[in-house]
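Here is the structure we will look at, set down as structure tokens.
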Amino acid sequence: MHIRVINPNTTASMTRKIGAAAERIAAPGTRISATNPASGPVSIESHFDEAISAVGVIDEVRRGERDGIDAYIVACFGDPGLLAARELTRAPVIGIAEAAFHMATLVSTRFSIVTTLGRTGIIAEHLLANYGFAHHCRRVRAAEIPVLDLEDDGEAAMLRLVDECKRARDADNIGAIVLGCGGMADLTAQISDAVGLPVIEGVTASVKLAEALVGLGLGTSKHGDLAFPRPKTFTGRFDYLSQ
Amino acid sequence: MHIRVINPNTTASMTRKIGAAAERIAAPGTRISATNPASGPVSIESHFDEAISAVGVIDEVRRGERDGIDAYIVACFGDPGLLAARELTRAPVIGIAEAAFHMATLVSTRFSIVTTLGRTGIIAEHLLANYGFAHHCRRVRAAEIPVLDLEDDGEAAMLRLVDECKRARDADNIGAIVLGCGGMADLTAQISDAVGLPVIEGVTASVKLAEALVGLGLGTSKHGDLAFPRPKTFTGRFDYLSQ
Amino acid sequence: MHIRVINPNTTASMTRKIGAAAERIAAPGTRISATNPASGPVSIESHFDEAISAVGVIDEVRRGERDGIDAYIVACFGDPGLLAARELTRAPVIGIAEAAFHMATLVSTRFSIVTTLGRTGIIAEHLLANYGFAHHCRRVRAAEIPVLDLEDDGEAAMLRLVDECKRARDADNIGAIVLGCGGMADLTAQISDAVGLPVIEGVTASVKLAEALVGLGLGTSKHGDLAFPRPKTFTGRFDYLSQ
Amino acid sequence: MHIRVINPNTTASMTRKIGAAAERIAAPGTRISATNPASGPVSIESHFDEAISAVGVIDEVRRGERDGIDAYIVACFGDPGLLAARELTRAPVIGIAEAAFHMATLVSTRFSIVTTLGRTGIIAEHLLANYGFAHHCRRVRAAEIPVLDLEDDGEAAMLRLVDECKRARDADNIGAIVLGCGGMADLTAQISDAVGLPVIEGVTASVKLAEALVGLGLGTSKHGDLAFPRPKTFTGRFDYLSQ
Amino acid sequence: MHIRVINPNTTASMTRKIGAAAERIAAPGTRISATNPASGPVSIESHFDEAISAVGVIDEVRRGERDGIDAYIVACFGDPGLLAARELTRAPVIGIAEAAFHMATLVSTRFSIVTTLGRTGIIAEHLLANYGFAHHCRRVRAAEIPVLDLEDDGEAAMLRLVDECKRARDADNIGAIVLGCGGMADLTAQISDAVGLPVIEGVTASVKLAEALVGLGLGTSKHGDLAFPRPKTFTGRFDYLSQ
Amino acid sequence: MHIRVINPNTTASMTRKIGAAAERIAAPGTRISATNPASGPVSIESHFDEAISAVGVIDEVRRGERDGIDAYIVACFGDPGLLAARELTRAPVIGIAEAAFHMATLVSTRFSIVTTLGRTGIIAEHLLANYGFAHHCRRVRAAEIPVLDLEDDGEAAMLRLVDECKRARDADNIGAIVLGCGGMADLTAQISDAVGLPVIEGVTASVKLAEALVGLGLGTSKHGDLAFPRPKTFTGRFDYLSQ
């Protein structure tokens, strides 16, 4: 089984970190390949960054189809381009936000999210509503850490994250915490130890969900609204998408 | 007041039709300029088409900012790139789906949508839920007309639309119908006459909403999650977005 | 275009203030006439006040029909009698609460309401739910100012409103504020300046929405549940309503 | 215990019928007095009729307060003026729609409503949503019987009601039926026999709920938003409401 | 009329207290018999306790059917086994949580719950959602009193309850309080006096609701999903349930 | 990894079938042991059957704790006793209904359920609402097959299931089908082939989810409302549960 972990931003160090986290958790027979688009934002912290990164996700899924990929992971907490990606393949495609939410509801009745910047909270709120998990989430919290600070200043970022997670644990009446950024993929164990309740991170969660779906022989439905897109012309710099 | 009507697909004839519809409805002091991106899909009928078209919307808003635009309209019924576009400007940005929904709730208690292809129904359902109008909409109906058939085979398409609208009127217990495609902007009056209840189309609705917002001195809030994106590096073919 | 702004309470000074605010915002071709019923409460601060004022709204719409009115505005934040009024006319009828909510969702993802008295908060909550905007509104706040204090003691009321708006801005994670009383129609600009984010007031918002609907040729649907009421006998002091 | 059953319309024969149904169901110690306002519509079949009838409800509650009434019933399926009436008294005030819904959820998991005219269906839908019962109701059905036909042409109306109830029973996957009109108060037993599942009617349901609340010593909360209205001036023909 | 009040836990002193509260509130013609299962937990403070207690509720309803019971009350605030119990009888079966919620919505627009232990809050939240009352309840509060402390240390428990109720009254913007434990059945009057707003307790509320339903001739629907269970074999210690 | 698959009913042939299906799907390192309680109903087709079977689930989890089980599966589509079971262990506990729903949302935007008897549909509806998947499910369909007919008359049952699944595929506007009974665990592949879209069955889905959670080091949160129950006395035949 070959899982392609797509980091939708273009920061290679984060891609490596995410890939390493994915490999550590993968089952023996699972091959992980982590990629990021050549083009796009170096981090994703707004609807604008998300919209641009969705093109990169699409490009990577198209490339993956040529590579015979068995499952895809979209490794940014906003799940950018998720439904578009699903249309392009029979393989399962999993967003790390949805993966984390699903897992959180299986081990707790209520959870909180601790994310990077307050302004991305609305993205999490929209996803919770779309996926059906709005009433499972008590609160979306932000540690106010820019995404790349997780790369550049890991120690300080870690401390702020642990602090915010402790506040969630003590005030939110929850059973679990969801970490709201792919860049936190390597911090889960440490934070969970420090905080003392299940801490769920989406990259690892989605690797296991992808293995589960492939194991079940389940892929994206090609009946109905996730069927392959109707072939058509794309113009200009997107003409490579024409069929 | 200068309103930029952005057709997110790249079919110039549709852009002209949409622009003409916008001009017909615009107030005397309103200048309409209709554009479409140079790059992107010739029609938008899937999540995939939508994701690519969002880049074109973003590019057109960025160009509009240099042109001193007062309000933007995203003239595709899926409102692609809407929140991203809002982050890029202090001007209001209006999607034609949301505009049509808002107007429909002001003249009826329940409405149905008649759209092009069944597979795009899920996009409308997601928008209804996000905007808060899910319980105002009785049913999303599809006339199963590919978008470009509205260009190429207007007569036949018109007949199918009217038929579906009549079915909605007779079966759905509604007071109004929302047309679910920017390519129907020139058909509203004809359909409304044939069907005998208010038929609402988003391009015209959003021109008037844009005039309303500009008249009120209201633009996209720059406080909170629609603030301008944090400046950052974009790589590869998106490096022109770096700040 | 002749817009009738109906102040549902019977305080003429407030009617004048509301009318003036409506005129300032109206487009060149728009004629505003502001009225209030001869009979009813001098201010509206309860369900009871609302129920009585609905009769005045109905009377004013009936009078407006004889005057050839093109659109009606119900200028009390509880939108009293709104659906009843819609049944009586082919013209659009807009409540200032709904108008403000619609506009707020077009320029922000989340807003708070700042209203007069805490006890009227439940009215706003019910409207938010009915209109579909419950999840767009973070919080309904009250400055605890009786409505007529806005007339009698404008300066002090203004200070309390600005204070409450600042608290909303700083604590509620919002992008815009909706002012929850028709009596605040003249304060919008001042408050917006003081608070630094979009402040939306319903009288002005509904004038522009009314112009938009009339411009679109859209009026209240007469198909279905907003059709003209079945003619019937009314007894006693309401016999003038018999048909 | 003295329960005042207020028929919000002004048709005395219906008031008598409703009163008789209330008396038949009342407990030994319960005194029933059925009244209707002197002024208002002879039947209630629209938002407009409802708004006018709310004044009559208010007048009757005010009169009831002088009569030392222990509980009030608003005997029209739209529950007109309910929250306004509650503000005016420490006694409980119960609408027949809400009473029927509450009872229906206690004996079944899902119910359908069979009402008079299709156009009043929206009123029932709004009530279901406000009260929290939207997902307990499978369908709002109309037998398309004008309210006064229940008086004038009881036999034919009865047949149509039974037919519609049978359709609900066979198609809606329900356990109970709610009758959607106070004018059906005398038909419950007959319909229930014919249809073979619990048929719930609001007048009788609300008499028993009123007895229950009075028995518990519970009345309308005067803490918060249902407190007595602030005393104020009413003008014109409503000056009798001034305090 | 013979109402069987089933205390789902096995603490006889609590059964007596609940029975006494039920008797005090019962109408003259109503006979109350309070029972508890011979087997089960001495108090119910978790999903686990609830699941076991549901068997006792079932056993007691089956016994009640032989005794000719007219209505059943499940006197634990989690309403354990409620739908199962309903399947076993034509009589009405009422849970004390649902009874309290229904009554609270009839005398206030918003209420808070004050329960025993924080960990049982989730049970109340699930019930609110299932019954449709989620948006009527502002907050679920816990006084952090183990259930049996209500028996053993009544005075101290009482003080903590009153304190928590006062906090609810002052902070939650509510009109009524629901007490979240059957063991509080004797404290209602005292707490209501101390707090100054309607305090609703489920045992008494459900006695009056049971009287109401029986008075109406309404019992659990045997049409559809609450019909008697299909007869079948039960094995082992549950073989007495075989039919 | 040792997964205990608990068949909550007491039909050993079904336990073997479920166990075999679980083993076929399990990963190499996973050990499956399928059990059923000694006591309880031979099939689960009502709330009553469910309530009794929850005791068996609890007993099996308690036994599993002594056996060092790593994850539990509750293999009945109503997920009986799920939250109670979770309180008793640090291991993950997964219900087959929830597992199927989670998987269905990952490969489609909308699904339908095809279950055994119509009367169990309400159980599925309640689960969908509690888990947050109500708006992902278009329709709950029943093939009207008693559970044990899946054992006794597999061929005929199979034909009816395929027919109902085809109706769902053609009429419901869905991308996937969820099979609503543990007894269908061996039919998935056959039905999926016949129907031509993803068919998801909960036993297999939950084995893979259990492997995923264990692989992630995630177990039921012991912080908050799923913590181990407070030790207490159980009386009578449940005294073995005392601590």
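List of remarks:
Labels A, B, C, D, E and F are assigned to the chains in the order they are written; within every chain, residues are numbered from 1.
Just so we're on the same page, a contact is a pair of C-beta atoms (placed from the backbone, for glycine too) under 8 Å apart; a residue touches a chain by one contact, two chains touch by 3 or more.
Note that this is a predicted model, so its numbers are computed, not measured.
Of the two chain pairs shown, D-E and A-C, the one joined by more C-beta contacts is D-E.
More than half of the contact pairs at A-F come back, by residue number, in D-E, the repeat among A-E, D-E or C-E.
The mean-CA centres of chain B and chain F are about 44 angstrom from one another, to the nearest whole unit. Each chain gets a centre from the mean of its Cα atoms; for chain B and chain E, those two points are 52 Å apart.
For this pair, chain B with chain C, the centres built from the Cα atoms lie 28 Å apart. Contact with two or more other chains is made by residues 83, 109-110, 118, 121-122, 129, 135, 173, 224-226 of chain F.
Remark: the chains found to touch one another pair up as A-B, A-C, A-E, A-F, B-C, B-D, B-F, C-D, C-E, D-E, D-F, E-F.
The touching residues of chain C, when paired with chain D in their complex, are 10, 37-43, 45-52, 54-55, 58, 81, 83-84, 86-88, 118-122, 126, 129-130, 146, 224-227, 229-230, 232-239, 241. Put simply, chain B touches chain F in their complex at residues 118, 121-122, 129.
The touching residues of chain B, counted against chain C in their complex, run 25, 27-28, 83, 92, 94, 98, 102-103, 105-110, 131-136, 169, 173-176, 189, 196-198, 200, 204-205, 208-209, 211-213, 215-226. Looking at the complex, you find that chain F touches chain B at residues 109-110, 135, 173.
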